[in-house]
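Below are two complexes that have chain A in common, paired first with chain B and then with chain C.
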Partner chain A sequence: MPIKPLYDMQLGERIVTLMAALVLVLQIAMVAQRWIVAHIRIFAAQSFFLAAIAATIAWYNHAPHIYVVAALTLIVKVMLVPILFERLVKRVEIQEEIAPIINVPISVVIAGGLTLVGYVVAESFYRPEEPGLGHNALAVAISLFLIGFFTMINRRKALTQVLALLSLENGLFLAAISLTYGMPLIVELGVFFDVLVAAMVLGILVFRIRESFDSMDVSRLRRLRG
Partner chain B sequence: MLLVALLLVPVATAAVAFAARRRAVMEAANVAGFGLVFLIAVALAAEVLRAGSVSLADGFFYADALSALVILLTASVTLVCATYAVGYLRDDERSGALGDDETGAEQLAQLRMYYALTPLFVFAMLFVAVANNLGVMWAAVEATTLASVFLVTFYGKITSIEAAWKYAIIGGVGLSMALFGTILAYYAGHRLAGSDALAGLNWSVLASHAAELDRPSMRLAFVLILLGYGTKAGLAPMHTWKPDAYSEAPVPSTAILSSALLNCALYALIRFYILTRGCLGAEYPGRLLLLFGLLSMGVAVPFILVQKNYRRLLAYHTIDHAGIMVTALGIGGALGSLGLMLHMTFHTIAKSLLFLCAGNVSQHFRTDLFAKVKGSVLRAMPLTGVVFLMAMLAIVGMPPFSLFQSEFLILRAAFDGGRVLTGVLFVLFGTGVFTGAVLHVGSLILGPPGEAAVAARRPWRDGSLVALAAVLVIIGFWVPAPLLELIRAAARVVSGQ
Partner chain C sequence: MMARLIEALAQLALLVALAPLVTGVIRTLKARLQTRRGPGILQPYRNLRKLFGKGMVIPETASWIFGATPWVVFVSTVLAGLMIPMVAAEAPLGLFGGALAVIYLLGLGRFFLALGGLDSGSSFGGLGSSREMTISALAEPAMMLAIFTVAIGAGSTGMTEIAGAAIGQTWRFLAPAQMFAFAALALVLIAETGRIPVDNPATHLELTMIHEAMILEYSGPYLALLEWAASVKQLVLMTLLINCFWPVGLQPTWFNFGALSGIGWLVTKLLLLACAIVLIETTNAKMRLFRVPELLAVAFTLGALALVSTFLF
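Moving on to the complex of A and B:
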């Protein structure tokens, strides 16, 4: 006979909610972050909690294919992409500050507002009659998506834009596992492959921008007009 | 079988080109590979016409008339571009545009990149059209961006890197929205029987249960999908990457981007439109499509009127035509869908032809600016000049060319459906584009004779040009019966009638 508390759905929902909250806190920490290397590490930590959420959902729903997704997240987003980006940062010797367009306190307030929007939108998908682990997780997912967008607009450095895009993608990942317990495995594989290749392609582009413009400031990319 | 071969041939081509040590091998691999893809595409079209639809591996791969048409157009354009590229890149190598390495190693690396990435790019586009699973289709659309980013940076100039950055980032953000839309569509159908299996995200399954999908989710999903795949198709206001990427990539790649890739993005959008219409009725998605379609047409007009660079002019022209096609989809119905499919076919031919002509002019005069092309193109390069002018007249919708017919059909569908405002704006924007394009290109080609040298013979490029121009002229008067039947069948898939 299996140990009972380990299959208690209530506990499962609490674990998922706790970890989703951590993911959200890390996303807001990313908005407030001033240093690129710290930004990369926060992204890795956020991805780690996402993998943990996926594993929890896999455990409580007896869905072995979500374990594969969790493992992939661990390999691709917690290890490969951060290592790749940290090496890139060393290689192009940028330790400089991020310099957002809107200052940090106001950015954090905006991120808080976007979280509120996330909760309002998620409410329309909530069906009390359906048992599930994902109610709060969906709200967090939509918030991640929106805050990711905001961060992309708010950043001038090429690499931080890429990180914002990847954290936005983390939001989508969370939405997929909380709404439907993950998409079919082959789709997830395709998405992971694309994320990995995209991270490499964008990394190479960042490197070349840095070489050609002697800066990562994308607001200097303004030769092509009209 | 055909479907697997269709996907394997480009991958094999890329592998051969990547491993090759000599330019001739890469060229031969590309031309032969794309020739084979074209033959397979024709066979697939014949099979689809005979059997209605083809599917493989439990419906993982699925092709109906719509897919077959998109595949056929992609295969035709890439074949012509492959033969054109042979001459184009040899010219680049001679002129030193690929680098000035004495040993030729640098140039060879550049060529290898072009000849290996292009088949991968084509592979991704073909995959979009045969993937039944909407998630896999998304992954394939994303792969088209990833495979083509380094084609945009091909010349390694500062401006190319800027263009590639915009292309990758704007495309990445757009596609993340499309992925969210795909997830929501999966959610909308997750209570249908058998949705846990792989088939739960299959278009053919969802389309047959469209009425039972969750309505609020589909409503949100369609908005996200329209924004996402609309970015890839270059609809305003997400179009800003387009002129940059089109003016920086090598011309054969640009020709593929502006025709085949546009079709793929529209194809993905059409698949979701069919699902949404089945769930929510035609009015909701139709209005959104009309909004973005007319906005794209309207935004393109001022940029075309004041344009200084002829490759950017053609790029804005593609934005205009993406708008026309999305408007036709929004109008919908049997007539609108037929107009859409005809327009997609004709636009693919005419737009790729225009870019190939622009490539000839660009290589001969070494500039992309109207002002710097001294002397008339018609005098320096008679063949290119004639074809350029003809293709320009065709694309702005002059009779007797075929685009007049398709635009007229779309317009008629608009007025028949009681969408008077749409029809009026369509004509208004069409006139603006006509004026701008004819004015600029007319003076480029017919301008006063200058002292520019007369171009030498260029068999690869001119051969491709003449072949495509012949197709453009012929289909203006006579569309072969099987092709017309394929277009009609595709239109029936779109209109659901």
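Moving on to the complex of A and C:
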């Protein structure tokens, strides 16, 4: 009996690989981005593709609880967090561009190099005898993680560092979902709650930093203020 | 032998005749999207006819290079166009060189264009030449990496083999390596054809112009040749992009069945790509010149990732 195309594992692997590649491209675009609102929207788009990956993995592994994870990603990371941050941007009236420490062309090339590191590391986890959707996705996840770290180091402003942290979290999420096909639902729920609370707390923190220092530049956080 | 000659002539005619139309379509679509009326899609032909009928003013300081440039640019661009597959996977001049020949024929044209800009003696020409060289030095590696990615898949740098390997694998462009390479080449296309985030093709009244600054001193038939060459180059790069990565409807040979359907597909795909270009041009503002290297660094990184991921995936 021929396998129906929608249940064909190979097609599933292709779709997941493609979307993982898109996530990676968006991560590199984030490194190159200068406007904070565009930065937030790229993060939303990246999270959207993550949700799509989760849904695809749920479909091919017949794991209904991953659909819940996908839906949560959609609600929290694609809608709530970006809306929260865009409001914050409006409130603190950020006008200026993001000023990275290393200039953008070199940052982008470094991001490319980090992707290579990600692939080399993921290669050692690869076991061809175990069929699965995860191989490329794991490499992309490690790259997201590394590039996220790099972006955090490379930025001066608190809000952009928070966004880099969240994209790093996206990498963790991708690794978890592609290796284990979904952790227990209760763990996922905890993680999402964490992300939401972290985003809110960091948002308030950013606002406070701005209030008391007239800037979001973290390199100014050297003196204590009463 | 005869068939080869007819092929080459047919592609030559298609290339030279279609190029101004593509430019016209892009301009009209852009005008419509901005709720302007626009000059109509045949306007580039009228411009060329008008320019060919006019006299020329040649700067006193100019040497023979000034006069040779339009010819070199036009001929090298058209030759590059004959080396890429348009209607059929078989490129008429495919035997004379592959992807590298195409890139360097375009490079030869660009080199002479820059010389011509310098030779006119005006300060704008020199500015334009230096900008063009800066951008092309950054765009060329990205383009090479993207084309090598598809060349590895085909096992050859010959354009005929590259396009031939892609036929029948309609969904191949969904592979990540192909997608990265496509994105890199698309960014290069925008930079090389002087489209909006990099250069504004619609005006020669801007201080940051690149292509228009180089040809500012040209007039009459020479200007017509240069403008024609620019639109041929645009067509060549667009065709390269669509036929390497999305060869739907590409015939294996010219006389297979219906070169007509091949032409139909070519026009459809060009139209789709033109729509994409128009959307990009309308929704983006022109970048500052010092920001252009950032765009090209993204293209380069994508190209490098594409090449590397063909080995890793």
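The rule is short, and it goes like this: the second predicted complex is superposed on the first by the 220 of 226 C-alpha atoms of A that agree within 3 Å, B and C clash if a C-alpha of one lies under 4 Å from a C-alpha of the other, contacts with A are read in each partner's own complex, and residues count from 1 in each chain.
The working rule: contacts are C-beta pairs under 8 Å (C-beta built on N, C-alpha and C of every residue); 3 or more make two chains touch, one makes a residue touch a chain.
The shown structure was predicted, so the numbers you read here are calculated from the model rather than taken from an experiment.
Student: Mind telling me which of the two, chain B or chain C, contacts the most residues of chain A?
Tutor: B
Student: Per the contact definition in the header, classify A:P105: touching chain B only (first), chain C only (second), both, or neither.
Tutor: second
Student: Quick one: is A:T17 in contact with chain B, with chain C, with both, or with neither? Answer first, second, both or neither.
Tutor: A:T17 sits against chain C, while chain B stays out of touch.
Student: For A:V187 in the superposed arrangement: first (chain B), second (chain C), both or neither?
Tutor: After superposing on A, A:V187 lies in contact with chain B but is clear of chain C.
Student: Would you sort A:A32 into first (chain B), second (chain C), both or neither based on which partner it touches?
Tutor: Touch partner of A:A32: chain C, not chain B.
Student: In the superposed arrangement, which partner chain does A:L116 touch: chain B (first), chain C (second), both, or neither?
Tutor: second
Student: Which chain A residues come up in both lists, the one for chain B and the one for chain C?
Tutor: Of chain A, no residue contacts chain B in one complex and chain C in the other.
Student: Of all residues in chain C, which touch chain A in the complex?
Tutor: Within the complex, chain C touches chain A at residues 171, 174-176, 179-180, 183, 293-294, 296-298, 300-302, 304-305, 308-309, 312-313.
Student: What residues of chain A sit close enough to touch chain C in their complex?
Tutor: For this pair, the touching residues of chain A are 14, 17-18, 20-22, 24-25, 28-29, 32, 104-106, 108-109, 111-112, 115-116, 119, 123, 136, 139.
Student: Sort out for me which residues of chain A touch chain B in the complex.
Tutor: Spelled out, the residues of chain A in touch with chain B are 124-125, 145, 149, 152, 158, 161-162, 165, 168-169, 172, 175-176, 179-180, 183-187, 190-191, 193-194, 197-198, 201-202, 205, 208-209, 212-213, 218, 221-224, 226.
Student: Which residues, counting only chain B, touch chain A once they are in their complex?
Tutor: Touching chain A from chain B are residues 133, 135-136, 138-140, 142-143, 146, 149-150, 153, 158-159, 161-166, 168-169, 172-173, 176, 179-180, 183-184, 186-187, 190, 197-198, 200-201, 216-217, 243-244, 247-248, 303, 306-309, 312.
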